[in-house]
Structures are given as structure tokens and as C-alpha cells.
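What follows is a set of structures for review.
Same chain, two partners: subunit A is paired with subunit B first, then with subunit C.
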Partner chain A sequence: MRRLLLLFVLILSFVIAIFPQQETFVIKPKPDQETVLALTGFQMGDGNQDSMIDVYLETLNGVLKSDLENSGFFRLLSPSFFPQKGIKVPQQLDFTEWRDLNLKIDYIIFGNSKIINNNLIVECWVFDIKTGDKVLGKRYKTMPRYVRKVAHRISDAIVSILTANQSFGVASTQIVFERKSEVGKELYVMDYDGENVHKLTSNSNINLTPEWSPDNSEICFTSYIDKFPGIFFLNVLDGTIDKLNVMGDFLTTPTFSPDGKRIAFSGRLKGSDNPDIYICDLDGKNLVNITQNSGIDISPTFSPSGNQICFVSDRGGSPSLFITDIYGAAPEKIIDEGGYMSSPDWSPDGRFIAFSWRPRGENHFDIYIVEVATKRVFQLTKGQGDNENPSWSPDGRLIVFESNRDGSFDIFRMFADGTNVVKLTSFGGCHNPSWSNYNK
Partner chain B sequence: MKRFFILGAMILTLIFLFSCGGRKTPVKTPPQTQRASQQHETFEKPELNFYASKDTINRGESVTLYWNSKYADEVIIENVGKYSPVGSIDVRPETTTEYTAIAQGKGGITTKSLIVKVLQTSGGIVEENLSDEEIFRREIKDVFFDFDKYNLRPDAVETLKRDAYILIHKIPNVKILIEGHCDERGSEEYNLALGDKRANAAKEFLIKEGVDPSRIRTISYGEERPFDPRHNEEAWAKNRRAHFVLIKEDKR
Partner chain C sequence: MKKIFLFGLIFIFASYLFAGNKEHFVKIESSLMTLQNQVQMLQNSVVKSGTTSETLLKQIIDTLSKITITLNEVVSSKEDQSKNINENFDEIAGDIADLNHKISNINARLSKVEHGLAEIKGLILSMKMHKPTEGTGVDGKPLPLSPDKLYAMAYNDYLQGNYELAIQGFLDYLSKYGDTEYADNAQYYIGDSLFNQKRYNDAIEAFNKVVTNYPNGDKAPAAILKSGLAYMELSDTKSAIEMFKKVVKKYPKSAEAKIALQQLEILGVVKK
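Let's look at the complex of A and B:
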């Protein structure tokens, strides 16, 4: 009897070992490891000359609070617990009051802002409550209309310091996306929080698949402005557009290499009857054919090292993800399950590839990430319409994507574990977002 | 007895673990066995499309009758002849004539009729001079594809054979652009490539049929230029196509 029981336990453990529980992937720190911040709010500085300062203070406080919360690193303490209010300068800070509380506050953020001679001046400090050390002290001077930018920069400075540069903060980053027009699609750009939307192209044609250069100075994209789909570079500063000097009636889905010196794209070049992956210099020289196959190869994305490329191919039947190196080694399929996979984007730390997938038998696309080393797959969106075209934030903690969960397609953002979904646009007809790199 | 009971309980537990511990693969219904499907086999009533290259001709001219059918074994054109399920025939009616096509299959018959009007001219044959553009517009037909596919369906092959014939024999001087289009259900990026493959599948076939490659250029529009903007199967089927456009060249 005992032997039988032992056998049973053995088999049971074996069964549990080969059928592990679906793991969940978590981005936020556990509650007991959270960094707790007291954001006391910016006060009006001495010598302010403009009565509009209240509006700017409200924006400054609101944006900074939202930025710090959206970074996913911190918990912000409710102001009702604050023992001290209206701190403008470090001399007013009474550490004993903050330490006495059983609130486990790690850092306090305070400061002041004023308008002098039409300049917005913001002073900001961060102090370590436990040690009393000054962690950050900064003074910003700019035009009042850049008040949101100042808040974003303060948030990024705080994130950089408090995470020991694990992230440089994404509050100053931007997102480029496609938006339907009457005749095609134009490219737009917005801040990472959906504010400040600007039109980037106005050529009344079809403009698609935007991707940022590593220094954010250029966006490469697909456009039909020369009738046939070709690859173009948009100078973000002056709006000028240059065409990639490679001949062919079908060039699309360009992406910059991590060093910004080359681009990978899908093209059907002269003499070929199918789209393959190519790499070339920005001037079109040193063109190398990376994949050869009679089917479709499209949507390349570089690994952060620049040595590998993930792309979509139908060489196995339905569209699936493959990895190859830039020297043209035999492509390796990542996920064996079928269905329709699309739009891979390699995470900045190289560990994951985000993609959209409609598994066999499903009716909708969802966002998934696959861990490259283990090939483990995590599903991030579920049961909310179609979710496509993921793009990583430069710190790899957030993902922007398109979804038609509310009817028409709009741009959404979430933590890379699928939580904290935020809708960024409400225009409808918005597609293919791409997150910029850090704005330093 | 008690031992067997415990053993049974263990086996049940194991079965339960095996059945719920696996990957989240959807439960598949077992495929129907051959016998079951034979017993319940029903034959579809034939579907038939029947049309003529022109509704009106001058006496002495010929007109082409086309048909394509599904679930039919043969198609009979009354007073003309018996044919395969997909085909075409040139006829030269002397007077206005009604043609009736009958598609016969295991599921029954379907009939379609059309009328070719014949204009009686006083001085014998009157030539109608059609421009290349006019012929292109009337005769060159688009081809359609299945979801996420770029191989040519049998109906597309028939259509392309005819298109090639017209391009070679009736309008040998025109150049064409083949546009590849997709429905909206795939991904935007992949559809760009799919549209390219569709346009090139049509191009390659025309070349194989003898059309000079220099006369054909292709462009993919992916899902960016749908013919039918609605979001249903009827619209999607229309939007998965290789569409033919005449390239207008500057005449000096």
C-alpha cells in the first residue's frame, strides 16, 4: 500500500513538472519592495509676476503625478497623510515630522514655480526621508508653454536617479503613428501620454510603418508619394523628406539598426518575384540580401546588439516569427504553434520580442511577448477586440499598441505585463504606433 | 477492496490532472468519419454566373458568352451546345436572341438567361471601332483570392487565360498595372507583402500565357484601398483581388 502511495506521489510530481502552471509576467515591484514617494506639490515661488501661475502649477503637479505613477516604479502617497504642506524650499522641510509617521515614505518631492519676465522658472528637490540626503535639486527655465515638458523632464530625472539608471524615464519620449485621412494615411506624433498631437506628413497619400532613428532625429517610413511603395526618411526637425536610394517597385517596413547607420527592410527588388529582407546603409549602398525564400519575408526588427533580425515569414505556411543573423544564417522559427503572427518588435534589453498573434481558431489579434532564450510566450491582451502592432518604450517597461476595443482603432499603452492599459488617442483610424528612443 | 478503491481514486485524479494540466490548446471536435459524412452527404444546388461581352452588337459581329459555375458537372447553353462548368463561346446571332444557360449538377439545375440585342443595319456590316481603353474596360476582368492566400484559384486561372488572350490579340499595345489588394482582417504590414504576391502571381501567369513582361508592372496596396469599405465577408471577398489598370502613356 505504501509503495503504491509512493508511486502515486512520484507520478503526481512528474505530471506537475511537465505541465507547469501558466506563468504570469510581472513588471511592477511587489508591494513590499515599492518605493513610496510623497509628492507635495509645487508652490508659487517668491517674486512671481503672472496671475496665470495657478494654471501652470496645476499642470505641473498633475503631469508630474501622472508621469511618476505611469513609470511603474513608485507608489505615491495620498496627500491627506502629509504632515507638512506648502514646502517651497529645503529650509522648510521638517524631517522629524515625516519620519515620525508610520508611512514608510522613502522620498519627498517638493518645489516652487514662478513666472518672471515671461519665463517659467521651476525649482525642484527630492530628499531621502530616512537619511536626510538631498537626492535631486534642479532649476528649469523655459517658456511657459513648455510647462508639460518641464514636468516630464523632472519625472525623468527622478526616475533615473531613484532607479539607479535602470530607466532614464520615458515621460519625455514621443510616439509616432498612422492616422487615416480622406485619401490615405498621414503620420502623426504625440507625447507618450497622448498630448501634443502633431501632423508630420501632409502629402495626401498613403504613409505607413513609421520607425524612429536611434537619436530620434529621423523617422523612416513607407510612402506612396512616388506612386509605388518606397522607403523615405523624414527629418523630424525641419520636415524634409528623402527617399532611400534603392530601386524596386516594392520597398516597405524599414527599421534602423541600433547604431543608426543602416536600415533593414522588406523589398521585392528587380529580378525577384517575392519580398525578402535586405540591409543597406542609409544612402542605399552596401545592399545585402539577408533572406531568400519563395514566399513572403517582411517586418524586420533588429536585436539590440544589431547582430540578429526577427522577421515575419510565411515559409512555414501561415505568417510566423523567424530569427536570423545579419549575415544570412538559416532562419529559425521561434514559435511552433500556428495562426497568424505579425509585427515583431525586439525589446530594448534583448530579452523579449513583442508581436501580434491570432492563434489558430481565434478571431482576434492579441499582443504577446516571447522570451527569446526560452521561447516562453506570455499573452498581454485578451478578450478586447483586435490588439496589434506593439512597440516597446525605450526602458522596456511599457508597450504601445493599436486596439479597436472601443470600435475604431486607437492607440493604447500598457505596462509590459499587460496591466495599466491607458487609451492615448480618440480619433479613430489610428494605427501602427512606434515609440521613440530616450530624449536626452 | 479498499486498496482497489484508493487505486481507482488515484487513477481518476491522474486523469483529471492530465486533462486539465495541459497547454491551453482549444478542444478540437473529432473529424467526422468517412462513413458518417457519406450518410449525411447533401449536394449543393449549382451556382451559375452567365454573362456576355456585349449586350448589343451590330448584325454580323460576334459576341462572347462566358459562364462559371460551382457544384455543376456541366453547363448547357440552349440551342448552342454542352460545355464544362467554366468556359466561354463566341456566337454570332443574326437577330436579337435570348440565350439560356443551364448548370446541371448532383444538387439540381440552375438556369440563367441573357439577351443579346442585334442591331440590323441597312448597309450590311457596320464596324464598331472600340478604343483600346474601351476594350480593356469591357473585357479585362479582375481575379480574386482566398483569405491570406496568393495562389490562383481555378476561377482566377480561367479569368487570367481570357485576360491574356485579350491582351495579346485584341489590345497588344496597351501596358497594364496590376494592383494587389487585401481585406482588412490581416495585419497591415503583412498585407503589403500579400498584395505584392497577389499582383505578381497574376503577372507571372500572364507572362506564362505569352504576355510580354515589359507590358506589366505591379503595385501592392495592401489593405489601404478597399473596393468595398464594409466589414463583412461579402466586402472582404471583393477586396482580396488583383485589379487591372490600363497605364496611360503620353502619346507624342
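Let's look at the complex of A and C:
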């Protein structure tokens, strides 16, 4: 009997030991599968006309290093190992010196920058150390104030080519979010690294729940411009705002369909007493209610195919995630456990849905992802205040969210396995971040 | 054998790749990614359950032939491109370097796939040599993937919009586990995949099977509603109305009955 018990314990511990490994979902490659880069840094190019170039060089080098590290694809070799420094052009590159090193270096990145006639000129090359092949050669000419942008572009080009388009790089993407103002909330946008923050709305009202159009030209959001919540479109280029032409005294949490032609939102329309999920064209036509029931239905998110919608409903008691198709057929609850679930966001590859959840008996919200086909749930944040409103990066490798772990709510970013958490804002009162699509 | 033949073809065409263009590469790359995933799944299924899936093997062969077709296109476009080669020497030099890099990338990944397939072959061979174990049938043939896994794989394809793969997967599931709890779901998702492919007549036929084969399953109301929507797409309003009325009458408490009623209101059959 005792032996049996021992065997049982052994099996159980084996199962426990094995299962977490299967259950974790890891973003970064294993050390032996890593691509190793030698980023030798940009040098001052010949014929430079402005001493400010030192500042730009520092920015270029710093931003590119941080972008490549944050992509999660590469390991950057420490500069102390570099046999050659100050490579400006390919002619100066001596492959034998790099190959002689007993280090696993896959690619070398170098280049130069100069200011000519008030233009910033940046040249960048990537070479394969083993084969000696040129992998990338790019030249940029722009105004010096766009120096960060150039570094982001270079990073995206490197990520695209070295990952064979698994990712097109997210360094040029942006994040929109709501920030508390003296009288309400305004929408702000920033680069993916938290830099370059600027205000998008200035209507001294309450502006909430922004979401990008697939081509990043528009942002749909909830606003109290008409004294009650309605849905509006902001043209990102010229700042103009249009109202969605649907009548109702409570319209909120809009989201674009993946083809950008339709919009899904939660609304309490005439004749109904509780919010349902609606889908309509951008001009308000072809309006259909896909969740006709007595509960509150809110926060829709499209699957990447555009044929499914996940949303939050309290029809079964506490707010939980449901999936239905865009006609409202075959609604299904995804997670049977209780607690409070909110703000789902479907991953770009369709496999996962990220959401925030306060499980029954817990005091805090955390970020979780659920694998839709298997219904396996992975917890990404833990023991750090409330963590809410997740949004996927367009390559599905990162998640942006809000957290009050440092006091007031600010915007944070992490790998989609919960590692490498980076704080992006320090204003306080920041909510509902939404990651843009690729900027091509 | 067919696989080896296809690999041969791919390597021959790979040598022509430097003349290819970006579109083709994106196609090849995405096919390669699919291929790698499929081989991975196949490997997992072989390792874990000691069995192999005919559907997966078929899918792998399909993907391989897609790559071959794209490579063929690359070869034929080579001639067109050579006419314009006098322009922009620098850019072309850069592009060729980029392409060469991509080729070596593709080659590396292809050899990984080849390696994976060789491993699978080895595993299958060694399984054949061993006596039948608990996981195998009386004739020594390996039993297929676990029902849950097979279902999840097909459903994942359905969610990702890979409807052809989803249909194959669900058909595979139904042929082996036609009497399980999820069989009606599988039949429904076959119908819905066809619906999303705009193959409305086939979809109606598949939805009909949900209702006749699994009348008490929870997908029956959705199947009738979606046949109605398929008839609408085919401009057969009469049949569509019939279906919407059927949902309301047969499953009055279902979510689909309310959607059907909304459709009947839009069509002016019932008043708000």
C-alpha cells in the first residue's frame, strides 16, 4: 500500500515537473538557437558639416541597440569582444579578424552618418560573417530631427530580413492611449518605446478606448462630446473627427474589422435596455445586432480572419469571455472559471486572446492569454498591482498594457510570455493602450 | 518517395532563385513556415503518440507542391527581369545580395524540414519493426492522433482562416471520432469553413448534416441559421425565410432564434 502511495506521489511529481514546461509559452529563442549580432556603432561619415553629428550618432547607436534587443530575436555581443572598431564602409571590414574570434557571431552591423546641407545622411550595412555576403545595405536622407525614426527603420529592416519576415519589426510602430486631463481624458500617441509622446485630441471632454484602423490612418474611440458616450473616428493625419452615424445613448468600445471596412462596438440602441454587440459599415449602414440577450455585452475584438468576434458578457453571472461568429451564430463561453474578465484582444496569428482577469477570490487584475483551440490559460503578470487592457504588437511577440504597480496607472510593455517588462510612461492616469499595426 | 522527388525539384529551382522577386519570396517563406509547423506537428504526433496522421502528410505534400509552383513562377519571371537589368546597377546588386541571403535562409530551413522528415521516416520505420504495442491496432498500424489534439489543430486552422486545412482536419476527425461529443461541432465548422470560403451550396449541404446527424447537438440552431444566411447569399430568399422561421420555431430559446428573428424583420416578414 505504502509502495503504491509512493508510486502515486512519484507519478504526480513527474506530472507536475513535466507539465509546467509544456504549459509555458516562451518568446525568446534558446541560447543555442540565438542569432548573435555585432553592432559596431555608426561612425562620423566623410564630409560632415555640423558638429551636432556627435549627438545624432549617440542617438542612432542607442536607439538601434535598444530596438534590436527589444525585438527578442537577437543577442548583441558586447563591444569589448570586437576585434575591429570604427568601421565606416564595407571596404574597411576585415572578415578574417572576425572569423578568427572563437565567438559565435552571425552578423555584423556598421555604418556612418553625417550632416550635409542640413540633411542627416545615414548609411548602414549588415554582413554575414561566415559567408561574407552583404545582407543589407541602406542609405537614408532626412531632417536631423527624425534621427530616432531612422534608427527604428534600420532596426525594422534588419528584423525583417534576419527573421525571413516572421516579423517586419515593431520599432516604427506606435501606441495610442488615454491620459487623464484636468477636466476629462484626452488621447495621446507615442512611439513603441515610450518616446515622442504627443496629444491627439484637445476637446476638453472624456475620450476613451482608442483602437487603430488596419492602415493606421484612423483611430476609432469613445467620446462624451455629445454629453453621452458615442463613437468617433479621428483622422490621424489632419486631426479631424467624425461621428459614427448610429443612434443610441450609449455606444462604446469600438474596433475596426481586419479589412478596415466595418466596425464592431457595444451599444444600447433605441428599444433595447442593455448594451449588445453591433457590427456596421463605417458609414453606419448594414447595422446588425449579434448578441441579442439580456446581459451586458461589451469590448468586441475581431479574429484576424474577420469572421469571429470575442467579447465580454455577464449573461452567465460574472463578466466572462465569449466567442461568436460575425452573424451571432454559435456563441460559446471560452473559460468556465468565475471572476471578472475584461478587455480581450485577439492575437495577430489568431491562436491566442489576451485579456485581463481577476479570478474569484483574488484582489487584483492580471494579464492572461488563452489559447482558443485548446482553452489553455497562461498567466503573464503576477503580484504587481492591477494589470489591465492588454494589446498585441502587430508581430504578436509583445503586449502593451496598463498597470498601477508603481502607484498610479501607467503604460507598460512586455514579451507575450510575460518577461522583459518595460515601463513606457510615467505621467500617471494613463489607460487603454492600443498598439498600431505595422507602419510600412 | 514523392516527397524526395519534390525536394529534388525544390533544390533545382532554388538555384534559380536569385532572379526571383519579393512577392514570390513572401509566398515561399509563408509556405515554408507552414511546412515547418506541419513537420513539427507531425514529429510531435509521432514522438508522443507513436502514430502518424494521413491528413498531415497530405498537407505537407500540398504545401511542398505550392512551393514548387511558386519556384516555377520565379524561374519563368527570370527571363522577363533580365530585359530590365541595365537599370539601377547599385540597387540590383543590393537586391541580389538580399536575395542570396534569403536563399541561404530558405535552404537552411528546407534542410531542417528535410532533416525532420528523415527523422519521422526513421521513427515510422522503427515503429514498424517493433511489435504492436497498446497504442497500435491488431494489424500493427499506428492509431491516429488523440481526438482532442486533432480537433484543436483543425479548430486552430479554422480560427486562423486556413479553411482548406480546417475542413481536411475536421473530416479526418469525423472519420475517426464521428460519435464523440465534439462531432457535431466538427461538422458545423466544416459547414462554416465552406461558408467563409463563399462555397454556399456546399456549406448548406454540410450544415444540413449537422441537423440530420446531430439533431440534439448544441450546434443545430446555428447550422439552420447559417444555411438561411447562405441562401441569402445565393439570393434564394424563399429558402432563407424558411430556414429563419425553422430556427425560431424549433429552437425558440436559442441565441440564433433572436438573430433569425432580426433577419425576418429586415426581410419584412415579421414586424418589429
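Operating definition for what follows: the second predicted complex is superposed on the first by the 418 of 440 C-alpha atoms of A that agree within 3 Å, B and C clash if a C-alpha of one lies under 4 Å from a C-alpha of the other, contacts with A are read in each partner's own complex, and residues count from 1 in each chain.
Please note the rule applied: contacts are C-beta pairs under 8 Å (C-beta built on N, C-alpha and C of every residue); 3 or more make two chains touch, one makes a residue touch a chain.
Small disclaimer: the values here were computed from a predicted structure and weren't measured.
> Identify the partner contact of A:F365: answer first if only subunit B is touched, second if only subunit C is, both if each is, neither if none is.
first
> Which partner does A:S266 contact after superposing on A: first (subunit B), second (subunit C), both, neither?
first
> In the superposed arrangement, does A:P319 touch subunit B (first), subunit C (second), both or neither?
After superposition on chain A, A:P319 lies in contact with subunit B alone.
> Go through the superposed model and pick first if A:H431 touches only subunit B, second if only subunit C, both, or neither.
A:H431: touches subunit B, not subunit C.
> Based on the superposed arrangement, let me know which partner A:N389 touches: subunit B (first), subunit C (second), both, or neither?
first
> Quick one: is A:V147 in contact with subunit B, with subunit C, with both, or with neither? Answer first, second, both or neither.
neither
> Where on subunit A do subunit B and subunit C both make contact?
none
> Subunit A touches which residues of subunit B in the complex?
3, 6-7, 10, 13-14, 17-18, 21-24, 26, 148, 186-190, 192-194, 196-197, 200, 204, 217-222, 224-225
> With touch defined as at the start, can you tell me which subunit A residues reach subunit C in the complex?
Subunit A residues touching subunit C: 128, 131, 133-137, 161, 164-166, 271, 288-293, 303-308, 324-325, 327-331, 349-351, 372-374.
> Within their complex, state which residues of subunit C touch subunit A.
For subunit C paired with subunit A, touching residues are 26, 29-30, 32-33, 94, 97-98, 100-102, 104-106, 109, 148, 151-153, 155-156, 159-161, 188, 192, 196, 219, 222, 225-226, 229, 255-256, 258-259, 262, 272.
> Give the list of subunit A residues in touch with subunit B in this complex.
These residues of subunit A touch subunit B: 1, 4, 8, 11-12, 15-16, 19, 22, 184-185, 206, 208-209, 222, 227-229, 249-250, 252-253, 266, 268, 273-275, 295-299, 312, 318-319, 340, 342-343, 356, 361, 365, 388-389, 431-432.
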